[in-house]
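Which chain is which? They are A, B, C and D, in the order written, and residues in each are numbered from 1.
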């Protein structure tokens, strides 16, 4: 399960690139494949992009010498399973009729194929497979007779899907959130500087003060020291914020869609304890996924909290293959159970979600081998039955175990004594009870219907 | 606070180097400065060593091509503040009168200066500042008329201090633990292979079965498929195991000195709850140091458990300097509090130890700024008042805050509403109640007295 | 003085990428800034590009795994003094209406500004500052109702200037040379494979047989195993081949424009000996520039040949600064005179050209210090008085010493006893006597007049 | 054919490490496997060593920050075919009884096995297989009651073979040349600094003034600003300088053993022209080996000089394998003949030496394929019939083609119309006519007889 991307924008700061760097650092959980920063140096756009973690992509020289300027935008990108491409690492940069543009994007459009075909028929050439490039082409094709703000607004009226977007256009910083507000985007202030970020955890690291969200369907333009707000014509009455940001993606110390993640996840755990109590010796999370729901579960149920699966903190990326005898090796690399705590115990385990169910199955098997007496799994969201078209990579529906199997089947497949998923109602209540979430992955109710040709994507066009 | 080192030995396995690699991976918390592996290929010793984390030092080619052989030893080394040296990364390798030797060592000797002087007067040349090299020289000077086992035994009779040692001598794997057993060393079996390791967590990762500890004062020799046991002449009646391995160093999923670390730390937290109860809204650890004691504290006290300080899991090593305005930046990089959980709350915080007190002071200050009402710190060991000469780098006594200040002073310095250290009795009871620990850092009672010239070390001889 | 670029194309070879690699290796003298290879794998284009020398950019994995396919084009790019950009390293890749395109280009267009403006007014977005991208946009805008061959032909009718171009379009390999034939491009055969290259030295390395030049104004299309030839409408009656390829750029073992370089340069030296004989103790070249002309000079004049300036063969790129006392250090790093050969000698030195005159001045000064009695410089081309707009980077006219100074002035500036430049007639005769060269840098007679806006280039748009 | 090593020493210069770096840069032809520099910072020795070329091993930080001090020694090391070891890269560093030592060495000892055995029986441990370490051990074992100068002098009385040696001992710079003076070593002055170097080309680069050679059997000690000279007891009456330094190894712009290399090699070529004239169209060298002898040959014979084999100046180290169809690929990579110059020509080729004859055979075959009518090879030294024990790696005698074959056989094997080797008399005359060269590789007359056990070396002890 992978989040699309993370965004950071800095306006009016002598160390804009450096702040963008640390902002991306705080947003690293939103994408580990690649990172890029673009700055406006007063005359032109400077950029550095690379594959890998933020700390690997940039060095001191990039930040202090090359990325000059008072305005910066930065982007972290998620890791695909297939071929990864430096070419696709954002921000996307271009120069067009006197405008220098850098654009970064979080989310996923659902009418990409049609838009590309139409743009190509007008002579547009594409160099990447990113949605950012589509925005830029659409804006460019509408610049004649329009300001860049208008052109971007027209572009937004043509694209369908999820997008939080940051653009650097000469000395302007522009932030846009799609009409439904699928993906988060927040505004902060740091002295006389502005900071735009996917999550508030980046504001915290930079010691910026949280002001408010960029609203769904809102375009923020910051220039000449001022922040102006516009609304897109196709702004929707109801938000459709991705509830998975609350369940899984956003950092627990962030506030997203106006909700504190930590407290929200605790509430999900409490709801689970109410809906599906169980008599057990203790309750533990699978680190790091279920920790906060587990904290809520134990507070409501009174069962003792333990953290008897130990995470190896130094596990970085090793490229060494295990030997052939090492079965289930990947599972052991990340988490090791405390044997003496497992034997003969009745255990409630809290997880935030199940996608394919294979990793959790290996872990349960390991706990059985160590002598666990009873193993009860509680999941802090309903079964994921439908694919996401707005930026969460559950992969194809075929791989979603709950799409084709009953809860009983899954319980048996994983090898549990009992399995319970939080009800949709319980989840919504834990999230505040309002009707403003996209719940499509649970109920198939898609706020924006993907075009017929969705999925005929160009992801394999270039391999480098 | 830094642990000396971690050791792994593999005997009779076609993939000895690969197993050693993953063993070191599991022991990475014991040393992040450098790593090395040496193998016996049937004719000579092969080696690869480097600065950095295990995953950075070795690549597939090292393991599958260069480090041939069925026997391997590996070593991870701690990070010093000053100049680091590839030269000092172990194993130490030499060739002497037909014997190929590789030696790795965990611990610290206290008569190094005298031994080096004596050896130099006999013409010995030193290339490193490691204790391993001293062992090798001592053994070499006693080889005439003796077997290598005897020579090593004589060497052990001359050195004073703490050492767990692994040696590869042609086709023999030799493990030695000092007469007091300061540092841990355990034996495991994997099919027809033997595994020797500092902690059992490495056995778990390799799926090796735990057999027993190497005993204090014991020398294990494995060759021709057999494991033989000898005892050093100066074996002591009482063990003096480093209690700090239990409090802080060893991984929570390890069993060390026959104690499960997780359960032991929980017991420390329970003892704290008994000795120093406090009326509070919740109890939380400072990740990752106090987690397990906190679990014990809440179980005994009934106060709710929270984990309201969030660790950034992607924090790797960044070499980028923060901007000048970023105060207390390092603190925020690692941990970020969940603001909404802190305001107006009475909080009990659990820590495993306080050395200088400066980091914890910054964290407490941050919590105050966020509006915490009361902050009570509970530490799961007594005040550290004396330096360690056996391998734990508390640095000099001057920097130990408890050496020169009362608990009340420290409470004020850190800015707490209350501070309580676990009593020595409480600690010992939590560790099983036996009289077999080195407690010198708490009570100044040193099992082995350092030589007069201790400290006149050669740590800065070479700078590279 | 820098050459633009080098090109290699391989058609119908299982190891197309590998052959392209070695072809670029042979063409490395034409560009050291960056290199790239693109292949057609049957479904899409694969690419790898990077900054640096060919041997630094590619590794075995790129060639054997990533760059699959039977067709490949490769490109080496020259080093600019200012900011270098991975973005600008060719081939330029795009996907457009079912066509996968990769384009590499050698030469320089002179109506770039107008073309970009026109294309942008139609909505084209540019990502690089390369002429290759302009070609691709022009072709794309003319694809509707035309084949790619026709579209490229239309593109050629719009661009003005110098271009040798290689394009990979799905399974076609297309080679085009501009109507004047400024830059070289040759065709070779290797069994059932075709090889297209800037110079024949790449054919030699690959053991390909030289067939013929791509003619000025010719488009070669290779697909389905066949090679077809078309001519551009604006093909010129007279060629205007860059005579500087013969004087300086091309490798001495190449045949370019039908001339063997080695023999041609020898003929220039012979002409110099006839036009400007001098009584001297010996004649020597400045390695490596004047070697072949010097060989001709000594054969015609009878003066002994010496090579008394020694080149350090291991001089690679060092990034270490000399100490402050090391004057003229760069000069000594590359060439060291054999002192005992210089003292009291009357020496004729042969050079192939003088641009700014500063390097040669330092060398002459060094020879004076070593006691040379007389120093006579003979240059194997006329004074360079005019800038080149077709791909040779003499930089701006202001820096061409001969543009503003007489030969007598230059002689005095450099500190010579005599200076003589080969006459234009002598040069033309040495090159075969025909009227088919561009001589603009000597006589200002430009075959294609640059547009008014030439020079308002976008070279600094992106800095990364 | 490989030279052992190159040495540089700098005394009393604020930028000692930087000068040592550039000195090694000038001596790079003497060793490409690894490089190291050690400095004395006033308190201790600092060092940096690495595998690869000088420009790869050091960066600006090493030179400006880490390698502080006014005294430096540096070393470049040759490339072995088998396993290369960072461990063996010099200088060798140790600390012993208050003395900090760094030693670098050029040459080869012939009683290594005996010396190691004797030292080990006294308890010495060896970490490398370098002769430098043997010197250090010998000196250490004789330090009691002696100064370091005396101890080194005693060491020199025990070792047999070839050595030019530089030692840094606290604030002293010591240079020693063996009693026969096999390997070169020269002294230069740069203002108030001293420079010691293997060849004068390093003095030239640093703009140091050449003073004189270190004499055979001389020990130079520089401290407190003064240079003192001592002579070893076993100094020999006659020098035995390695004549191969003149024929092949030293750089042509160096003065070695008091001879200018360029002029000496020209004289060899002249002697060849006298001894073995031939009627031919032209004479050419195989770059870069025979260039200077070829210059002499053409001056004496009157045959035209050509340089019709072109060297690819950008050939660096490529690790890409050629495809299977690329026969004789390595030959073509380095040198490409100018085809039009070869066809139907009678050619005299000048080479400096033939070891195995296989490379030259491939080149001759290529020239035949291009249509050469006659190919006459003239070699500027006699047949190499005996191995060298003093530092030149002809490998084993079995591979020396002239050891087991007549000149006629070799002529046939290579495929020549005629082959002639310069006579020993002719060679000696060209080198000045004096009886002070080691000629063992030609006549088997070894000045120092290797010990019986020579060759039982430990080169494979460690593989890393």
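Heads up, the rule we're going with is that a residue touches a chain if its C-beta (ideal position, glycine included) is under 8 Å from a C-beta of that chain, and two chains touch if they have at least 3 such contacts.
Remember, it's a predicted structure, so these values are computed and weren't measured experimentally.
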item: Intersection of contact partners for subunit C and subunit D; value: none
item: Most widely separated chain from subunit B, with each centre as the mean of CA atoms; value: C
item: Mean-CA-position distance for subunit C and subunit B (Å); value: 61
item: Computed distance of Cα centres, subunit D from subunit B, in Å; value: 48
item: Subunit B residues counted as touching two or more neighbouring chains; value: none
item: Inter-chain touch pairs (all); value: A-B, A-C, B-D, C-D
item: Touching residues on subunit C, where the partner in the complex is subunit D; value: 15, 18-19, 21-22, 25-26, 28-29, 32, 53-55, 58-60, 63, 191, 201, 204-207, 251-253, 255, 260, 262-263, 288, 291-292, 295, 298-299, 304-308, 310, 312-323, 325-327, 332-333, 336-341
item: Subunit A partner contacts - residues on subunit C that touch it in the complex; value: 41, 43-49, 66, 87, 93-97, 100, 120-127, 136-137, 140-141, 144, 458, 460-464
